[in-house]
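Here come two complexes built around subunit A, the first alongside subunit B, the second alongside subunit C.
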Partner chain A sequence: MRRPTWLDSPKRELWLAWGATVGFYNLYAVVFFLITRTQPPGQPSYGDAGVVSWFASHHDGLLVGMAFIFALGGLSSTSLALITYSIRRMSVSRAYAYAYLLVYAVAAIPGFLFICVAMTAGAMRPDRSPELQRWLYDLGFLSFSGTMGVFLIGSLVWMTAILLDKNRVFPKWFGYLNLCNALTEVVVAPAWFFDRGAFAWNGLVAWWINVFVFGIYTGVFITLLRSMIRREDFGTGPLPDLPPRKPRRSPENAVATAAS
Partner chain B sequence: MTRPTAGESIIVTSLPMIAVIWIAAFFVFPGFLPPLSPRAPSNEIATFYREHAARVRYSMVLLNWFSVALIPLLMVIVERMRAMAHRTPVLRYCTLGVAAAAPIVFLTATVFWLLAAFRPDRAPDLTQLFNDLAWITFTCGVPFLVAQCLFLAGAVYLDQQARPVFPRWVAHFNLLVAAALIPAAFAGLTKTGAFAWDGVVSFWVKNAAIAIWIVVMAVVVGRTKPAGAEATA
Partner chain C sequence: MWFFVLFESMIFTAYFGVYLYHRGQHETAFLAAQSHLDLGLGVLDTIALLASSWAVARSVQAARSGRYDAARRDALLTAGFGGVFAVLKVVEWVHQVHAGNTFTSQEFFQFYFFLTAIHFIHLLIGFVVIGVLVRQLSGVERRNQETVETCATYWHTVDFLWVLIFALVYVVR
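Coming up: the complex of A and B.
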């Protein structure tokens, strides 16, 4: 078998991690939006009976979807690793890089493992007392939306690093986009106080705006990480600009070059 | 520049002792031999905790103390990764990103088991709830272990130098362990058969894979000479 050329590239680990990051976020979106249909979330105002019928109508999707996260959720670490690497490439203390890595690494447990455990427990035993099913429902949604400090502090750490950085790893406007992401966690807090309306965990503010900002933010940072990898020169100074696009060579030229 | 490796041998050689504690606690916990069935009704689960409260507590306190003792071994592995022929530390960061979470998921499961045993006279439905949370966390909570095996396999495959840090079979072995762990993630889907949390695949294969992984990686790490790391790392 021919050895693929990218395997000899010095950037191969970065590309592998980037590919896994793209794979992970796609899996995450498919699982939460399509398979489990836990996004958009169920209503926080449901009574015991409402929760029981919610579990009944989501039964198979919950069990299958959460199982995929149980199997592959650890790949989320690849995006943390790349972001940590990006901060390390900046002209700021590595304390920022490690702070980012640790905040997100530990937060994985309340941030996404708890919803998987709670929803699996609820779906596994539909005959459990409705009051306890509702307890699991709350645990699932509130641990998922309500694990806020990670994104708040994590985004501020990344933002500060980007704004201080002199190596041009990220554009400054992306630093401010981090601030937007951090602020979404501030507006999620009322989800702990209200069970209906715009501020509830499924409401306009705590869910729709939040997911909209997070979606844009994630798409942007994945794209910017890709461009960082392409620009990486393994130096310590400013990152060079993207190389200009290669002009497409006509077949005759290619033959001429190969012959020379 | 070489990095100090003093003390690594203590971490590696203390593992057999820790393993004895893990194995002892595994056998002391009355819910593992045979594993508690997900089909058991709540009053049976409540009776189990009433009758075995003391043994549940002893064994789970031990596992709570020592599950996290895996982290030092994982960190020695991360230190060994420095000497691999990688251009960037990104695979090390990937591993660091999951290394703490892997044992702490297990620690969380012990907390649920201890809660179930703390007030055995609680309403049976509540005891069953804690029992379910413990078993699901314990059985399905493999994402960080799976990822760790995948990262390590990738790191070994990409360590292309005349004398690689770990032999190539370590990469194949880690892929195999990841494959053995993944089915347990699906244990929620059934209460009977090999994939249920008390089944051959989700209980025995998964836990044997973790045990073998720890033994094999400890031996591999113990045998490979700590190499001097690059100054760039």
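Coming up: the complex of A and C.
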């Protein structure tokens, strides 16, 4: 059996990290949106009975889905590693890479671990006091939706590095997209004040618009990281452009080439 | 920077859409709450920001023709008008809070404080951008017309977004 060529490539670790990043974000979406159905979030206005009923209807999905996250959530470190690598590849001070690394090193806790622990604890003993169930419900969703500070600062650090970079690791417009993402992280803050309406943790402003922007941002940065790996020359100067694509051979050209 | 302008315009369009939807649901309550706003202060806010946009446009023109000292003066004037806007906005917020209209008091004021605050954050970033502009214009070796125009585009975006907020939140009945 032939050994895949990418295994011998000096970029194999980068491609592995990129593949793990794609895998993690797909797992994240499947677990939170389909298996546990914790996204979009439950109603913040539920009383004790509503929360108990919510845990009962989500019981199996919470236990199964969160088990996947507990087992594979560490994969989130691969995107952090790649982004930190991208900043190290820039012409800017290493302080940006270290700042980003440190900020995002704690991001998994508000990013998904808190909600996983709180929801799993709620699902584990459905006969617990409704007041305690409601406390776990609030803790889970508020920790998930209301703690965007680390992502705000992380986006600003990455933005600054991209805008100052002279090695053309990422296009400048992506620096500005980081700013757009950072600004939508701010608008989640009112979720701490409201249990209904546009600013509640499941509201149009605090959740739907924010997730829409974050989805675009994530898709774009995963695509640009792929482009960075393809362009990587392991040097220290500007990243070379990719060679222009070869024009596709039309059937007529193919026949002519074969005939000649 | 044009990417930022387009994307932020899209996001603000979504915010305005949500505001108008909620306004449509509770029109009477929104109109009653809106009457507590000081239209005069809103007009002053708008004049201050329009003046700042005029100043930054002058700064770009001066930089294009190589008059960098004048360009730097106009950039500082831009920040000055922006500062006037910021002070007026804080005065207005304090006035509303003292009148009992807070972020959590009624739905209209949720949107009022949200839209004006998120715009205020854009303004604060704008001061950093104008700082970059002044620094660019101050050093011979740093001068770069593309950066000058990028900074001005950002500032115009702040002004443009305010005009929309002013029209929708203060004026439209």
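Criterion: the second predicted complex is superposed on the first by the 243 of 260 C-alpha atoms of A that agree within 3 Å, B and C clash if a C-alpha of one lies under 4 Å from a C-alpha of the other, contacts with A are read in each partner's own complex, and residues count from 1 in each chain.
The rule we apply is simple: a contact is a pair of C-beta atoms (placed from the backbone, for glycine too) under 8 Å apart; a residue touches a chain by one contact, two chains touch by 3 or more.
Fair warning: this is a prediction, and the values are worked out from it, not measured in the lab.
Partners subunit B and subunit C, brought together by superposition on subunit A, fit side by side with no clash. In the superposition on chain A, no contact is made by A:M90 with either subunit B or subunit C. When both complexes are overlaid on chain A, the residue A:V31 reaches neither subunit B nor subunit C. Between the C-alpha centres of subunit B and subunit C, as seen from that of subunit A in the superposed arrangement, lies an angle of 130 degrees, given as a multiple of 10.
Once chain A of one complex is fitted onto chain A of the other, the partner contacts of A:L204 are limited to subunit C, with no touch recorded for subunit B. Residue contacts after overlaying the shared chain place A:V213 against subunit C, while subunit B stays out of touching range.
A simple residue count on subunit A separates subunit B from subunit C, and the partner touching more is B. By the touch criterion stated above, A:C180 is placed in contact with subunit C alone, subunit B being left untouched.
Of the two partner chains, subunit B is the only one that A:K11 touches; subunit C does not reach it.
Applying the stated contact rule after C-alpha superposition, one finds that A:L142 touches neither subunit B nor subunit C. After superposing the two complexes on their shared chain, the closest approach between C-alpha atoms of subunit B and subunit C is 30 Å.
Residues 38, 86-91, 93-98, 100-101, 104-105, 108, 125-126, 128-129, 132-133, 136-137, 140-148, 150-151, 154, 158, 182, 184-189, 191 of subunit B touch subunit A in their complex.
Only residues 1, 3-4, 7-8, 11, 14-15, 18, 21-22, 103-104, 107, 110-111, 114, 118, 121-122, 125 of subunit C touch subunit A when the two sit together in their complex.
On subunit A, the positions that touch subunit C within their shared complex are 173, 176-177, 179-180, 183-184, 186-187, 190, 193-194, 197-199, 204-205, 209, 212-213.
Taken together, the subunit A residues at the contact with subunit B in this complex read 7, 10-14, 16-17, 63-64, 66-78, 80-82, 84-85, 88, 101, 104-106, 108-109, 113, 116-118, 120-121, 123-125, 128-129, 132, 135-136, 234.
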